[in-house]
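First subunit A sits with subunit B, and in the next complex the same chain sits with subunit C.
Entry: the complex of A and B
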């Protein structure tokens, strides 16, 4: 069941000035309950603009955005959307302001009608979800932490509100490979455990292939493709044209198939590719014996 | 909230106004500003405004951009006008309870409004059509005589350029931080004055932290290119004034003399 519907969305930045940019043109998409949706696309394709519509920060210039049954142009109803749709911006660690980690994460909960006891529980749970030890970190100043830790504090600040949909804009930008994998595993965990639906923005196709249930590919403010990763990567021409690379495992298995080897489906991760190659070898060996 | 503010920004173009020598533009703008301040005749108002409009269209600056720079200050403009209209003694035109609007007040307020709008437009015209680098070069040249009295002209000009350069960056960053905190339920228009003031903390702290970080990065980048102030610093593109520049400055000088002359007479 879809919990967000975007219908023919058009958005124009700085209308009427020389800096006017037509950011989104006729974008239609849905987010289904419980899924892990990756929004991919080259820089400037409108990814960040699109996701700011999902919690009502931006209002459509034309078209419609319906989130959990609420039309975001309905001012009153949309005012509460921030609790349902948590938005983690790019480099969220630059938005920290609290004197302590605790104070910062508690900012969102305190903007609700929750009492201090509830706030405390929410903060604890959120810190747990991003793997920050509550007692060790609660009284530290966020400015003394490493940037990876700061990013997790910022994420906890959004998670503390228990949003039904968690939207993240390039959450792994600037992280090292280990931090990157760990961050994505945590996010995947939240979705798998049914804690929230995830919408993740990235231009990294390896990540998209590995983690997405479904993908939306944007280019120049328009929807280029929408579907499951295996389908999207089976036709690389379009992606290459807009400057997106198909992940190596998918390309490898596609080329094998095109050369006549018995490949059932495209591999999305290195592990899958390895398994596919092994399977192919077994099948080929059997064929040789039969002859 | 802060989207599309054009104050102090450069709008790229290839018009004759864009290609004028920055020194000529600075001097012309200073002359025009003095003319606007001194002009007393309705005919002169009309003349100056039409000149500005002509220059705007020559530079192909859309009126929308000008409006966006003025819009920032509309409250001040409106307040000034209303204040003048109500509190200037003279011939009463309209009475609202204890307050009266006078003819002299309306004229005075109108003149002031006209002056301010034209001043903002002329000043914006300079930044709209001049890249920050050219602007600094021009300013440094125009202010060079102050070096004699030990004013660090190069440093001042550089500071001004950097400030101008970072206006759009900081606005963008402020907008982003505001959005991020709104996504966590921050409300800036609710509650008592104290609460509203406190609601700015989540915006100002990240903004200051970000500015410090940027300043540090910029200092490193400048040092990496061996920047060490104005002494013996040369330019890649030397300024060269041409015919068009002389025409522009002469025209503005005539206008200035006219305004000043009419004022004295």
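Entry: the complex of A and C
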């Protein structure tokens, strides 16, 4: 069941000025309840513009965006959407301002009808969800934390409002390999445990291949492809043309096929690639025996 | 013949840097690092967040001055105040966020900003801008507004701006962290050209192992110390060591390692998917 519907969305920046730019042209897509959707596309393809429509931050120039049954152009009804669809921007840690981790995360909840006791519960749960120990971190200044920890504080600030959909724009940029993996595992955990639907914007195709249920690929403000990763990555030429890459296991599959080995399934992850190579070796051994 | 010792462009001797020394929030940034960065090489620095990479980078052009130990750039001690301007000219820096590095309304003006501030005759400035734009493949964009460029183009412009200063060395601190794959590839190609064709020494800080593979040498930093140094093939043969430093192997090297562990015979030092396929098919 879709939780967000985007129908023929057009968005034009600086309309009527010499700087007019058509950012999105006739984009139709859905976000399904409970899924992990990756939005990919080169710089300037309209990814950030699209996700800012998902909670009504931007309103369509033409077309329609319906979030949880609410048309985002309906001012009154859309006013509450910021709580339902949480947006984590790029480098969110630069937006921290609280004197303590607690104060920062509690800012959103305190702007609702919640009383202090509820706020406290929400903060606790959010910190738990991003793996920050409540007692260890609550009174620390965010500015004494590492970049990865600061980013998790920023995420907790969004999660504290218990959004139905969590939208993240390049949440792993600038993190080291282990930090990146940990961050994505956490996000996947939120989705897997049914805490929220996830929309993740990323350039990293290895991450997309590993974590996405479904992908949306944008190019020049239009939808290039929409589908499951295995289908998306089965046509690398198309992705290369728009400046995206395929994960290396997919390249491995292609190179093996080109060398004449029968590889049926496209490998997307390193686990699958390992199996592929082992299978190929069995086939090779059999061929040698037959000779 | 010149010995390796004579080829050092930047020499670090027992370099230690402590943030907020003697105050609250005192912490060690880097600790007792000694090593040479050679003339004309491409050195990649890898390490987890907080390992001291950026702190070390900021010593290479005297943005930071050692708490103890010394940094010498082309024989100039960074501690000596009179050397500061020459060191800053010799070693240029490019940072992560391209939007924080724009200074002018047109690409060519942005690139001209540095040389103009050296007080050079305008003909010389023009010549340098011309060359820098050509080498960075920005000639067609020279009359565009920098803020309207793509991230990758902005970073190439930042590199061109440093290049116009005629530096000996360029230090790039995670320059591709905010770029898309095409922008990254493009930037790496131009960095390679900078290194090979213009002979500029490159120090590249990165979290992308496949970028580190492109370098001549790699330094690994961990908790402020220099813990490994070697060629990409040497470094990426030590997967378990890297894992202990919160790093990982490039994907194809990781897969090769796994296959070896399950008893498949593969040569050491595989770094790319092409190398891997080649050895599987033998």
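Definition applied: the second predicted complex is superposed on the first by the 276 of 291 C-alpha atoms of A that agree within 3 Å, B and C clash if a C-alpha of one lies under 4 Å from a C-alpha of the other, contacts with A are read in each partner's own complex, and residues count from 1 in each chain.
Here is the rule we go by: contacts are C-beta pairs under 8 Å (C-beta built on N, C-alpha and C of every residue); 3 or more make two chains touch, one makes a residue touch a chain.
Predicted, not measured: the structure shown is a model, and the values here were computed from it.
In the superposed pair of complexes, A:236 makes contact with neither subunit B nor subunit C.
In the overlay built on the shared chain, the residue A:87 is in contact with subunit B alone; subunit C does not reach it.
Looking at the superposition, the partner that touches the larger set of subunit A residues, subunit B or subunit C, turns out to be C. In the superposition on chain A, A:251 makes contact with subunit C only, not with subunit B.
By the touch criterion stated above, A:173 is placed in contact with subunit C alone, subunit B being left untouched. When the two complexes are superposed on chain A, none of the residues of subunit A touches both subunit B and subunit C. Subunit B meets subunit A in the complex at residues 3-4, 6, 11, 61-62, 64-65, 68, 176-177, 179-187, 201-206, 209-210. Residues 13-19, 52, 55, 57, 82-83, 86-87, 89, 92, 94-97, 107-108, 111-112, 143, 157-158, 161 of subunit A are the ones that touch subunit B when the two sit in their complex. Interface of subunit A with subunit C (complex): residues 41-44, 90, 144, 146-148, 170, 173-180, 203, 205-206, 242-245, 247-249, 251-252, 255-256, 259, 261, 270, 273-274, 277-278, 280-281.
Listing the residues of subunit C that touch subunit A in their complex gives 25, 47-50, 96, 150-152, 174, 177-183, 207, 209, 246-248, 251-252, 254-255, 258-259, 262, 264, 273-274, 276-277, 280-281.
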